[in-house]
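I have a structure I would like to understand better, so I am pasting it below and will then ask my questions one at a time.
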């Protein structure tokens, strides 16, 4: 374990366990997010990355383990609890409501009402303002859209992903968590999301980024959390290891001990060209 | 246009048009797939890549334009028509049936029946053989699964994608089309899919690969089809251009004419560091 | 499994009605309950889900035979369709008595305690004919529902009493109401829209009649249109008393049920079966009697009404 | 980025209500050409009176269907509410306003129970409301003793009074029904609550992850629906002038028909409450028009069946053309 | 790669039929302890006879619900089929076997029309079958002239004959019903057709992209369901001994209840036909047991309502525990 001892982690987890019937998705997973960093979470398919961040953001109740926010234990009974603490999440399965339009999706759960009596008594939505602000947020991400009143279901996969990302970035105050936000995005849009992540980090908000895209991870992450078989097997700094080594750790060919990589599985390591 | 004049294209399209209400997804798109090649289709989100390959594989009826298979005009009224001609497709929106298990999904539409009277008269499925063959195909792709009798809905996003890819590769005889097959896959699994694509190509079957992952495209593609605003704006060989140039073409900053890139939009080109 | 002691050892009698909600059948059940208590019997009851529901009545007969009843009283929903099931019950040694509505053939049951629905219709038909006093009639009939015997008999009886055939041009509007007040009102509203000069309304029962009255009143026509009905429930008789309905044919469900239970009790004690048709009677109730049609006033009606 | 807004004519064609509306207009034209009495003010006033009860029930049904639920118990709840109001006022001697309040409360309570069963034990709405249908039906008959309640105080039937619009008498009940439709169109279309209802119907999981309290929202929807059924009970009382334990037995399917004819998806998340009004009117116009044409009951049933299919088919085909 | 197969005990607990089965067993135990006549061979034979018609209708309903459809017309189609069979045999003078064939053909044809309307014009199944319900209901009454058909040739009621198993008489109809359930369990579980039905119910778009002829499959499912309704008509005839135009009016909801009680999802793609058998038996056992206990019918309705909710609740809660 190589947890930096410098500061209190913003978000922390110890020994999270989650079982689905006979499948163990989380098997005693630890997690540490330090202030102001971009932490990449990587791992094979099925390693439990999505389960981990679902547990951290209230979308899933772990069977065991504890979660700490700024050092004090918390329990998120639902995504709303996490959100109240300023934690915003882009879930892998695209949390957008298909038949509603982009502006409505951007503001879902936090709608703006008209000023004055129209808003307070008649609860009238300020659709115009919501549309304008959405347009602004989408423009920040430079996601090209022909109409904001189109239902989200008629967007391309990438455009839909853009809506979810823009939404999380717009609202987060404490932590932003993104589960493969660029998976469906084009080169240009991916670049915009990475820029946006940097900007969020530079604004002081730490970001958790799950990604399978190693160049992206190496470009942007301050630290990397490597997940394997439901557990964190290493935390590294991208500068200390090269991409091949990191992939080797991910697949179990190498193990990290005291910050140095050692060969764990000779066959596997040879198979990927390390020895 | 730089269509190689060497051989008859396996799959070809001329002037495809598709409109959704007031959105034009395809605006006179051309397409050429040569024998034995891996053709990458790239483009921004919403450029009409998915619409293009849907039109090519019978999943969508174009409003205008024609499609030629091995030089002769064809019309695919449904995905079954295309499939009958040996064209297999992995659609972006994951063509798997959520409540069915992996083996059933692998063989959906082409189930194996027991030999003898049990199969011919009683139409009894040979579940054991289907399970074994599925396991073999999945093992070829090295996609780790804990149980083949799990319904697909309980798989991680990557595992589900793996099932769809394995399925297409297993059945294709003429053309394999993949719409962002590695978008949700881990590094290891992505590598396996790329290997598999190479193996399919080496077996003589051409592959169409839509991807936003430029390193993947440059690693594997023999030629690249660049789609922009519903049209093919260029066909290039990866060796002739570097990644930055390709991205510039994709975003409209550069244009290709007579095989050479020329600056089309001075501002845009400068913005991405080309001049 | 007959050695079980938890259920009482009193002989059982079953009552199967068309529906469980029509006040007519509720009254019938009350009468049966009272008679069963007096005769030291246990009453089992069941009903169809809707008027015309044969399958539920068949199931009820089977279950009652399985439960070991001595006799079954039934108001058949489908007078023909129920016959084979009744035969099975009788073959198993159970006495079956039809109440209110005869089976077809009538001999399919051991006995019949009933009102003649055709006669009930005829009475109000005759009354209406006399009350119209030669004025040309424009008739609306608010009927029950397709294929329900009682509705058909009452409707036919009315036409017969009025002296016209099915399809006579004086019937300007016919509509099904399922005997429901709201549907009766809707039907009457539409009939009035179609033929504003309707001056005689026949209704299958009093709720439908009251619905028709509400519709007429909205048009200010309640005074000059004659409404006649069948049933004789207390609400209906009160409506006759207050002049909303001109006349109604009163039936006596309580009596049918009481007589039925007594007959089963007798059979349980002595093994002697009742047989044949016992007419429990029908009386025309009106406060505006006409020449040539025998009638009683609403005071009598209220004394003898049900529901 | 170019933000293109749909133009008004475009929106009119693409709104999901366009198809049902076309069907309604066609039906009106047909009956207007075939019977002289159809195109009159009083006849339209009549049609609205005839559909107001089912129409009001269908408002609640729309809310529930938008959440991907279904309510088979609405007619039964209305019948019970009607008996409660009339019995308390007549035999209970309660002031009419209190009796009405009690009836509305009881209906809301049944809605609440439906909602709690759907959310707390994750039971399918079909089963919950089917069970509730039986329970409430039985309770109605037990509580009423099968007696129709008559002799109502005037306040209970005040909605049946009329006012004049030109030559035509319109009941206050019709007006209330229209107002209810406008209110719920507003609530669904222009408040956060409405957007949440649609999101919930699209996908409860997505709604939950977006931070909507899906359980509370669902319970709220069923309870509001219950309240609306209570209002329907009041409308029914004012229309018939009695408390009728037999009321509403086919109204569950009738209200679902109105909702679906109005273009709302049974899978939730798509539809407009104004469509439901159109759907209810389609049924009312068919029934009224066929009656005016003197078609025998059984043939009316036949034709209604065909027309229901036709109405939705017209809608579907017009949408397909627009694709 | 480790391919782990679920063990048999594990599969028994996780099968979607476990919950309904537990509810059925509990109900049987309850009634067995409370009435002496319940736990007897003849009584069980009776219960099966009583549920065989709705149970058979529910087989067709299961097929349709698995495709994410619903059928409100099944009871009406059965009634029409019954009238066709009996009228042709009795007043038409057709040989009984021909009359039966004609009835089966007519029922299949109605199913076919349902299927064509659902696929060709993309109408919602709810609306198609609601319209069809009205149409077929009217046709039944027009064709039968409201007359119950009696005096049937023996061949039409041969399924009502019994054979002995131990001390108990079992009808051939009961046997046929069980065989139908086994047949369709086989077809859904062990043939390509069945897998395609599930895939279609999961997502028609996915099924289409996978190369399943979704339209043809859907039409096929509705047609097969129609044929099954024809068999139900024959069972009904053999049970009541007459052709009854009033038959089946609540059987649409009853059959849906059986399907849902059996654990099949109304959203399609999930469920087992054997669950439907269990669901139908649950309803039958409740009705029989309550009747044997001498519960008045209005209270039977009340209790049935509560028990329907309870049965599914038990199922849900047991599944939750297994998560």
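Just so it is clear, A, B, C, D and E label the chains in written order, and each chain counts residues from 1 on its own.
Definition applied: a contact is a pair of C-beta atoms (placed from the backbone, for glycine too) under 8 Å apart; a residue touches a chain by one contact, two chains touch by 3 or more.
Keep in mind it's a predicted model, so treat the numbers as computed, not measured.
Ranking all chains by how far their C-alpha centres lie from the centre of subunit B, first place goes to C.
Summarising the inter-chain layout, the chain whose CA centre lies farthest from the centre of subunit A is C. For this pair, subunit B with subunit C, the centres built from the Cα atoms lie 73 Å apart. Chain centres here are Cα averages; for subunit C and subunit E they lie 34 Å apart. Subunit B and subunit E have Cα centroids lying 44 Å from one another.
Shown for subunit D are the residues that touch two or more other chains, namely 4, 141, 298, 301.
Residue positions of subunit B with contacts to 2 or more other chains are 20, 22, 93, 143-144, 146. Counting partners per residue, subunit C has 20-21, 146 as the residues that reach two or more other chains. By the touch criterion stated above, subunit E contacts subunit C in their complex at residues 34-40, 42-43, 46, 49-50, 53, 141, 144, 146-148, 150, 236, 239-242, 244-251, 287-288, 291-294, 296-298, 300-301.
Of all the residues in subunit A, the ones that touch subunit D in their complex are 59, 78-80, 83, 89, 91, 93-100, 104, 108-111, 113, 123-125, 127, 131, 135, 138-139, 143-149.
Interface residues of subunit E, counted against subunit D in their complex, comprise 72, 117, 121-124, 126-128, 130-139, 141-142, 253, 256-257, 260-261, 265-267, 298-299, 301-302, 304-309, 312-313, 316-317, 320.
Residue ranges of subunit C in contact with subunit E, taken from their complex: 1-4, 6-7, 12, 20-21, 29, 42, 44-47, 49-50, 52-55, 58-60, 62-64, 66-68, 77-85, 104, 146-148, 152.
Interface of subunit E with subunit B (complex): residues 1-6, 190-193, 195-196, 198-199, 201-203, 205-213, 269-270.
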